[in-house]
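Labels for the chains are A, B and C, by order of writing; each one numbers its residues from 1.
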Amino acid sequence: MITNSIGLSQYLLLSSLIFSIGIFGVLTKKHIISVLFSIELMLNAVNINLVAFNKFLPDVFVAGQIFALFIIVVAAAEIAIGLAISIVIFRGKGTLVLEDFNLLKH
Amino acid sequence: MSLSLILSYFEMINWHTIAFYIISIFLISSAVYVVLTGNIVRSVIALIFTFLMTAGIYFLLQAEFIAVVQMLIYAGAISVLIVFSVMLITDRDKNINETSPFSHNLFFGSIASGLFYLAVSITVHNTSWNVTLKNKEFTDISLIARGFLTENVIAFELAAVLLLVALAAAIFIIKEVKDDN
Amino acid sequence: MEFLDNIFLYGTSIIRSIITWIGFDPAITNMIMAAVYTVAILVICTLVALFYVLYERKLAGFIQYRPGPNKLGPFGLFQTVADAVKLLTKEDIVPRNADKALHFLAPLFVFIPPILALGAIPFGNKLVAVDLNIGMLYILAVTSLSTIPFFLAGWSSNNKYTMLGAMRAVSQKISYEIPVIFSVLAITMIAGSLNMSEVVGMQGKLWFVFVQPLSFLIFFIAGIAETNRAPFDLPEGESELTAGYLTEYSGMKWALFFLAEYCSMFVFSAMATTLFLGGWLGPVLPGWMWFVLKVHVLMTVIIWIRWTFPRIRVDKLLEFNWKILIPASILNIFATGIGVYLFNNFF
């Protein structure tokens, strides 16, 4: 028999798993657009956290959902600027591999 | 086995739990696919699927407004932005993992993310959350609107300004610089 | 008349009572009913696509002063069946360097947004699969997903024409989504609700098209662009791009794209009917019949436009959106806000 065992901690574990997948992507990927994908995964995980807290914790009303909406706004701005920067770098250097972005080193 | 026995077995199942596990499995596997695949377009498609499954989790959490906004902004707008830049700048047959052969990065990356997950899960297990379930069907959207326009009105306006600045900045960065000389 | 009005509701309640009689508990009954609704929506989608394919050909024939398909069956009614048989038996060609999985999935994905959207549209009084309290926003969200399959089709075919077609489709759809959302926002401000049934209920005295004529016009134009119909059908402009993102598709996969176009046209007409033309409201006839009639008039106008206007140029298309439609819809929202404030405070 399966009872309703899904509480706050299950949602938190799920979101931390997604977040660690995002960390793995950021650390291992060399392609700038893939790194942006991983950052999006991490932001999504944070949003799951906030919405879960909003449902399960007392005296919060809708604060968690409002914060999640703010994060969505910031994510939209971040991805627009990030992609614009990567397009400009691609125009200048002809590559999207992060290791080749070393203008400041030389 | 008689029909009534099967039916009584069905009655014991908690559908919320089942739905949570199904959505979580899809969510986690598509997120893993996003970071592991070498084909950037398949990575984008898996990312969009991840966004949609996250919307499913929000529906389970009875935050249907956030779920729909997630579909509209992440799956509908941000993914299209990504798709467009993928079409503009990537080499279609190039494997995006090719440049990172089995390197120390992969090793340290898995160690770091594994440690993070371990730390968070231990913390979650050892914390006693002061949990109360709110017994309401769905969130009233007017509550969210009131929250935006009363307590958080300054942050709300700043978010609008942030979006405007991001829009203008993205256009300004991308605009080709005409060399007059 | 009461009976005719509720005929579909009686049908569903009979199915529900049969399931309960067999002995399923409420949760499973609801799930089976959801499956029944899904099948009903799929049937509606298929019927709409099959009917309007033939209707468009007949109407085009009328406009161009020729009979149209008239050999097979009475008035050429079986022409669509013959076409379907032809398309099903055609060889299915997949380019050698295509991404085969995505090439296969794109024509399936293209059907998902219209089917999901039809679930929240009220076809009559209480005749709606899921009466969401944010139905309007939900429909906008799922129709915004319709960009992805076109990108997939264009990319997976590995062909420069499909790629250009996909780029045009993506840029066109993402830009024309904005005026659609803004014009719906004006309706939301007046109605004070995102529930589709409530919005229809408020139009008993006056249809919203008379309150918001500019909004309706913007919605209709942007809707034609969203569904890739002429004069905005540049993504598949056959005279410039062979067939745009459809170039490498043949047989049944091509037919799926073709049918999905009619489904999304139907969804847009149904949305316009619900938001602006009073939905199922009307005298004498049963509600769902009024709904079908209004949608049919809008579909006729869309087809009429296709066979009347020439295709416009791609830069003009985007310019028209960003320089005319979006500023007009923003001004409209502004004016609506002032109007709603004045109405609430002084009348």
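The criterion applied here is as follows: a contact is a pair of C-beta atoms (placed from the backbone, for glycine too) under 8 Å apart; a residue touches a chain by one contact, two chains touch by 3 or more.
As the structure is a prediction and not an experimental result, all values here were calculated from the model.
If each chain is drawn as a node and touching chains are joined, the picture is a simple open line. Set side by side, A-B and B-C show the greater C-beta contact count at A-B.
Rounded to a whole number, the gap between the C-alpha centres of subunit A and subunit C is 33 angstrom. Work out the mean CA point of subunit A and of subunit B, and you get 7 Å between them. Chain centres here are Cα averages; for subunit B and subunit C they lie 27 Å apart.
In subunit B, the positions touching at least two other chains are 65, 69, 77. The residues of subunit C lying in touch with subunit B in their complex are 23-25, 27-28, 31, 99, 102, 132-134, 137-138, 140-142, 144-145, 147-148, 151-152, 155-156, 158, 163, 166-167, 170-171, 173-174, 177, 194. Taken in their complex, subunit B has these residues touching subunit A: 12-14, 16-18, 20, 24, 27-28, 31-32, 34-35, 40, 43-44, 47, 50-51, 54, 57-58, 61-63, 65-66, 69-70, 73-74, 77-78, 81-82, 85-86, 88-90, 96-97, 99-100, 105-106, 108-110, 112-114, 116-117, 120-121, 124-125, 129-134, 139, 143-144, 147-148, 152, 155, 159, 162-163, 165-167, 169-171, 173-174, 176. Residues of subunit A that touch subunit B in their complex: 1-14, 16-25, 27-31, 33-34, 36-38, 40-41, 44, 47-48, 51-52, 54-58, 61-63, 65-66, 68-70, 72-81, 83-88, 90-91, 96-97, 99. Looking at the complex, you find that subunit B touches subunit C at residues 3-4, 7, 10-11, 15, 39, 41-42, 45, 48, 64-65, 68-69, 71-72, 75-77, 79-80, 83-84, 87, 92, 138, 141.
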